[in-house]
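Here's the structure, in structure tokens; my notes come after.
First chain written, first letter: the chains are A, B, C and D, and each begins at residue 1.
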Amino acid sequence: MSVALPLLLGVPAAGAALLAAVPMSERRAKVLGVLASGATLVVVLVLTVGFDFGAASRLQDGVDVRWLPAIDVRFHLGVDGISLPLVILTALLTLLCAIYTVGSVPEAGRVRQLLALVLLLEVGVLGTFVAADLIVFFVFFEIVLIPMYFLIAAWGGPGRRPAATKFILFTLLGSALMLVGFLVIYAGAGTFDMTALAHAHGRGIGAAPQLFAFVLLLIGFGIKSPMWPLHTWLPDAHTEAPTVGSVLLAGVLLKMGTYGLVRIAVADVPDGARRAAPALGILAVVGVVYAAFACLALVRSGDLKRLIAFSSVGHMGFVLLGIATLTPVGIQGALIGNVAHGVITGLLFFLVGGMKDRFHTSEIEELGGGLLAKVPVLGGLTLFAAIASLGLPGLAGFWGEMLAMLGAWSPAAALSRPLFIVLMAVAGAGTILTAVYFLAMLRRVDFGVVTARWREAPIPDAVAADLVAWVPLTVLALSIGVWPRLVLGVSDAAVRGLLR
Amino acid sequence: MHLSLAVLLSALLFGVGVYGVLARRNAVALLMAVELMLNAANLDLVAFDAWFKDTLHGGQVFALFVVVVAAAEVGVGLAIVLTVFRLRETVSVDTLTQLADRDPRPQREHDAADVAQ
Amino acid sequence: MRLIQSIDYAAIAPPVALGLTAVVVLVADLFLPPARRALATVISLAGSLVALGFAAWLPTQDARHTLCFPGGACSYAADHFTAFFQLLFLGALVVVLLLSLTSVAEESLPTGEFHFLLLSSVTGMLVLAASRDLLSLLVALEVVSLPAFVLVGLRRGDPRGSEAALKFFLFSVVSTGLTVYGMALVYGVTGTLQVDGIAAALAPVHAAGGAKSSLAAAAVVLVVVGFAFKVSAVPFHFWAPDTYQGAPVPVAAFLSTASKAAGFAGMLVLLLEAFRPYADVWGPVIAVLAALTMTVGNLVALRQWHIVRLLAWSTVAQAGYMLVPLGIATTAGGRGAAELHTAVQATLAYLGIYVVMNLGAFACVAAVVRHSPRAGVEDFRGLARRSPVLAVCFALFLTALAGLPPGVAGLFAKLVILRAAVHGHVAWLAVIAAANAVIGLAYYLRVAALLFDLSSDSAAAPAVSGPLVARRSRTVWAAVAVTALGTVALSVDPQLLLHAASTAAASLRHSVAP
Amino acid sequence: MTHWAWLLPALPALAALVGLFGWRLVPGGPVVPAVVGSVGALVVATALVVAVEGNPALVHENAVAWTPTGGIALHIGTRVDGLAAVVGVMVCVVALLVQIYSTVYMAGDPRYATYAAEVSLFTSAMLLVVVASDLFELLIGWELMGLCSYLLVGHYWQTEGARAAAVKAFVTTRIGDTGFLFGIFALGVGAGSFDLTAVMDRVPAMSHPTVLAGALLLLCGVVGKSAQFPLHVWLPDAMAGPTPISALIHAATMVAAGIYVVARLYPVFLAAPVALTVLGIIACITMLGAALCALAEDDLKRVLAWSTVSQLAYMAGGLAVGGWTAGVWHLLTHAAFKALLFLAAGSVLRTVGTNLMSEMGGLWRHMPITFGTALVGAGALAGLPPFAGAFSKDGILSAAKDHGGALGNAVYVVGLVTVFVTAAYVTRLILRTFLGVHRGPVGGEPVRLHESPLQMTGPLVLLAAFAVVLGAPVLPSSYGVRRWFGVPAGTQPLHVGWAGVLLTTVIATAAVIGVVLLHRRRPADDPVAVLGRAAVPLRRAFWVDEVYDVALVRPVHALARAVLALDLRGLDATAVGTGRTATFAGGGLRRLQNGNVQAYLSALVAGVLVVVLAVAVAVAR
């Protein structure tokens, strides 16, 4: 048994416990927050270094101990090529959030509790990504809810309460149905063990239960992802959440949904997946186009955070489309799309948070234009992030979209090719619309003339803590874009194993 | 006497008891109606016991116990009714609606009620 | 024919010990000066612990049966099933005793009577769990109920208390009337009062069908009513909110946990032992009841402003969850033993977890509010500022009731019932239960969020803050601590409970194995 | 040497990075990395030409594994042949000249550093397209150019026009690029590899629908990038950017990329004649239409922009009729004379401070070098010997004639007509800009007219030289083609006949004389005024923008508003409504709890009765 994974969960948990239990000065809390999340990242890096990339389809550094034999549940953890990139992303984003908090504390204060919740959130997310037992997965999946709820409800904007409630109720509905789906799988396959289930590849589960389970899982993970039309919690949650909340929500929480869809739904009930894939594909593509239209309307008069939240819906639509193709290419696209979205949208939310800190608004109308003139660094990074987000080839966002569409060009043998080619074409139209609204956003916010309201106001550009938090994401977006092997190479074998 | 006669009678009795429970407003009358229901069961038990020629006389024993239970219930019940009467000066059950789902009263009224007690 | 029965006193040791304690407390109270009233609690606690010891010791032995009839059937069984419930009742009793010390003093409840009634009721429960014939079940049920009526109305001079007691009482006796009538009919159909005998006799009746089978089915339903009332399943739940609100908080805690568990004990014995052949009949009925109970309980709880009423409706909903596993679809003829076992295990496990977390929630309420009739949800706003530990504990219990981490115990509880439902081929019920979990979360979270609402507009502390702070009883804190530790333990490793539930379910199955 | 071909895009990319982030560390400022990067790339490009010289058809490919995709693995690398090397040199030369020119033209611009870095990046992107060995690698360069054009066109982002034009440029080309991406899918999946060589090698083995789909989809991208009808609308608007950028976009990068890709992947198109026909039709429409638009345009730069559209259509037409060599040759000559014309225009604009020809005139006296070089460029554009354009254009027309058939004849005839129109608008341009008297801005202050400094005139002279030299007909037709281009099999051999040249010269001269005569008659007026009301559609560019606005832009925005409304009042309201309904239901159920115990008991009894009856009936059945 390896100690890496227990440490991976233990370090942030200990940090959270310390922060929650021991009263300390704000300064100390910040330091502790950075240290704990930094230590977690170190553990992740050690884990990565020790990872056998040659056998990325195998679950590594496993922990597999008896937990609840009465209901056939084992405490089984492990990482493989599919989860490793997400684990790294999670640890990195959490650290960056902690660093960002050093520079900008939300108005509600109480940094200690904020950081404790962030670390607790990290435990939940990391646990979800390394869980190898459905029930363990489920428990970690649920751990995330309460911290996120309080992040929004206590540190959020004026409409935080309803937004937080909506978030948690939606997500719980999803996860409760997902649990039923797990149990349907269990009823057929007789085990909760994800490796065994993936290995069995749906054997033992009848056709109808497979479809039923897949639909339940689809709703569960679809709400989290979010999949159209189950996305309506997301814009509100993002709009109201504090910056770190938005970053983590977009950066890692949404990934739990798509990860689960790949890891559990597609792998464990393949027959159900095949039958539901056309529906999933259609919903995914509708999401892409729908989100683009919504953003297009929002860019005229709306909230920047809301716009980016909707753009998340669109991006996750591509991820879902990739999954729907049930091909290694599509799923690879989904995975790299996940990571890219985490990096880029995380960065975008950081930047909008930076604007909100400075201008005390994220309304496009009120921000006016000329960000690039007023705060060149912030404006420049926004330009970069927007360009990356619209899927320019050579930047991280491209690969997910491209591979998803490539998967749709030649979907799995059991699926209707004409349908998926139509879906691909519509998704392609979505990429155009995405470009349109992002450029329109830049045109309204980044470029142009500084409005009279801000012309004389002393607005500081990015400070050191901001840059430390933002630049790694920029570099990552570029690196993954130029050298996608960073992600695809890791997950390749695992994805092929999954769809075998 | 045929078994069905006894069973029918018992059912009738039980029905009357249920009607009484639902229709009467006086708490004491309610208690009496409940007694009717229990005795309907007793009638059944005894009749079945005789019909089966039960060597253990389960039905008869059961009926005896029901009588005891009924007595105990009435004892407690009357005591409760008495308390209610002492505090409210009424034993009409439909006036007892202080505990019900209704919108919260303003906090101040709460306090006033508290002080008054 | 020998009518003088030999009695295995070891088997009946727990109820005997507790019954004796009840008498001792009552007598002692007569001689104790008012200043030493606390001693009653000590005696009661000691007696409970002794009974607890017996109850814990019994399952280490082979199953014992006593009060047997010629032919081998016994009225009293001391098996794992019994032990599971007895431990549960006694554990709940201990917590309620801890809770009640301050209540008894502050609300000037008569000490001796209070403890006597409480212990008597629990004695009834201990017997109820072990009873294996209709007569014992009925008598035990009455022993559980009769003291409880008085307990509810024990607060002197409180019109709400007596109203609550009267409602409780009337509801109970009507239910009992229906049950007794049902029992008479069952006797009429089967000619026996023994659960084993009933099962054996019902099987051919069910197989034959016709009017007799219809009558039997009706009788089954009628018998179950009395217990459905105890567990406050919809539509037999109406008494619960009014009664809980009118009763002293510890009594409400008692009713919502131990008393409810007693209802389940009787129900399980009846359904799974006596009426097992009719599983295909009562299964769907229970399923519908479960769905109704969850949904109604949760929906109404959404609109509650009184903390005890809110918890009352929550207990209604929780009862619905516990019924879910029993709503499984089995085929006629007693097949599906594995599914039934899973179902019983699930109900028992949920019940065990529920008792701990619900007691904890009531303990937190008891620690904060003085008079249950006027405890608004708003009174809990910003509790975290005044007492962070209590707020954290309350939040833990609430999230556990909602079935969400950090209250992982509650999550496991939901997990096992959903698992049983899916396993028992009623996935639709599982979906309804899942949807209900969401409604449930809405109100649990509303309260939990209030606790941590430290925003400036809540700085104006609620009007009742004075007594809230003043009230710091060590025993109440002990109750909170015990239940919190229990919840944490069950969150980290529920295996012990799950295992015990499994064994208990197995012992019940054993006695009805075809 | 070809092992080092990766340096070709890498050096300008490095220059861009340094120019963007590290120019403060460089002694001499942002100019240094910009110029050094271009010079370095030019050196590499020249070396490549030398390396492939003599055997240009031989492909030098150096690729390394790039990334797995779950399906076909991707490789990244360089693929150099004669075409790539020569076009590389062309790009580097223009880019270098633009950089040098810009040091003066953009001096004093607060964002010069960013500008120069973006030009470097632009160059790098184009060079990546030139040497890419993998379709996705090519796509990266392809799209990166879209980004650079966006940034550079929008360089003056304080002005509304520049912002709008930048977005328009990016979005319009992006529309085509989406098709391009799908074309890559079609070809790559069909061939089982995204490697250019592999794709072209396996074209014969692919099914015809696949090849046709691939070729047509690729054409979408080409049409977008090379500003052909119907995606030409962005190019005239892109004039909002700094003038050197226009030179870069119109000559060496961006628009050239579209034609280049068709030439590069020519075997694919040859295997799909329908695609070539489509390309030919598009070329015909664009050729004449754009030339007509140029005729009526008053804005000097927009005239040049329309002429670019028209000239690109010539190249496209050439490629469509199998005139591969002629098309590529015209690409090169056009790069020279169009860069020349734009830089000359920049020189003019910088002096007169206006874009409108109606406010110019009489500049030849003050700007002799600019005028002289512009005259060379104009001659080349109009197709007058001895300038390069005359011969390359004739190559295309000859190819069309040789190709024959409906397509060949159409291209030939339209090409000849366009020669006339081209000569006409070129003449008008020279007349209105340089000759006559200086009109000056209406009501504006008089400006001091002067020649531009050496950094600007130098490139002009150099480009003028190219515009002459590249036209030497012997160069490509016999010796040069074999030496420097690897001509794909199945194309028309280049054939420049003096008869053809004579014909075009006569037509062009006729147009020149006609316009000069018109001008003589009324020197103050615009010669196009003779067309009267017929000029209106030309001036409005045949209302294509308006049609798009009504048919596309407005519906999209309306739909966007509808979607947002649907989200708020439909989906979200449904979700919130469900919650409300639950609460409402809770309120309703609450009413049952009215406190009356007999009501409760009635419910209890009713419940029991229902269940008992249901059960009894169910069992009896």
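The definition used in the following text is that a residue touches a chain if its C-beta (ideal position, glycine included) is under 8 Å from a C-beta of that chain, and two chains touch if they have at least 3 such contacts.
Remember, predicted model here, so these are calculated numbers, not experimental data.
*Asks:* Centre of all protein Cα atoms: which chain's centre is nearest to it?
*Replies:* Closest to the centre of all protein C-alpha atoms: chain A.
*Asks:* List the centre-to-centre spacing of chain C and chain D in whole Å, with centres computed as mean CA coordinates.
*Replies:* Here chain C and chain D have centroids separated by 77 Å.
*Asks:* Distance from the CA centroid of chain A to that of chain C, rounded to the nearest Å?
*Replies:* Centre separation, chain A to chain C: 43 Å.
*Asks:* Using CA atom averages as chain centres, what separation in Å is found between chain B and chain C?
*Replies:* 23
*Asks:* Would you kindly tell me how far, in whole Å, the mean C-alpha position of chain D lies from that of chain B?
*Replies:* Taking the mean C-alpha position of each chain, the two centres sit 92 Å apart.
*Asks:* What are the residue numbers in chain D that touch two or more other chains?
*Replies:* Residues 579, 590, 593, 595, 597, 601, 605.
*Asks:* Please set out, as single numbers or ranges, the residues of chain C touching at least two other chains.
*Replies:* Within chain C, residues 166-167, 170, 174, 178, 241-242, 300, 303, 442 contact more than one other chain.
*Asks:* Two-or-more-chain contact residues of chain A, please, as numbers and ranges.
*Replies:* 169
*Asks:* So which chains end up touching which?
*Replies:* Pairs flagged as touching, ordered by label: A-C, A-D, B-C, B-D, C-D.
*Asks:* Using the touch definition up top, name the residues of chain C that touch chain A in the complex.
*Replies:* The touching residues are 345, 399, 404-406, 408, 411-412, 414-416, 418-419, 421-423, 427, 430-431, 433-435, 437-438, 441-442, 445, 449, 452, 454-455, 493-495, 498-499, 501-502.
*Asks:* Give every residue of chain D touching chain A within the complex, in rising order.
*Replies:* 66-71, 136, 139-140, 142-144, 146-147, 150, 154, 157-158, 160, 163-164, 166-167, 170-171, 174-175, 178-179, 181-182, 185-186, 189, 556-557, 559-564, 567, 571-572, 574-576, 579
*Asks:* For a test of understanding, state which residues of chain D touch chain C in their complex under the given definition.
*Replies:* Per the touch definition, chain D meets chain C at residues 579, 582-583, 585-587, 589-590, 592-593, 595, 597, 599-601, 603-608, 611-612, 614-620.
*Asks:* Could you list, by residue number, the parts of chain C that touch chain D in their complex?
*Replies:* 166-167, 170-171, 174-175, 178, 206, 209-211, 213-218, 220-222, 225, 229, 234-236, 238-239, 241-242, 281-282, 285, 296, 298-303, 439, 442
*Asks:* Can you name the residues of chain C that touch chain B in the complex?
*Replies:* Chain C reaches chain B through residues 1, 69, 134-135, 138-139, 142, 146, 149-150, 153, 157-160, 162-167, 169-170, 173-174, 176-178, 180-181, 183-185, 187-188, 191-193, 241-243, 245-246, 300, 303-306, 309, 371, 374, 376, 378, 462-464.
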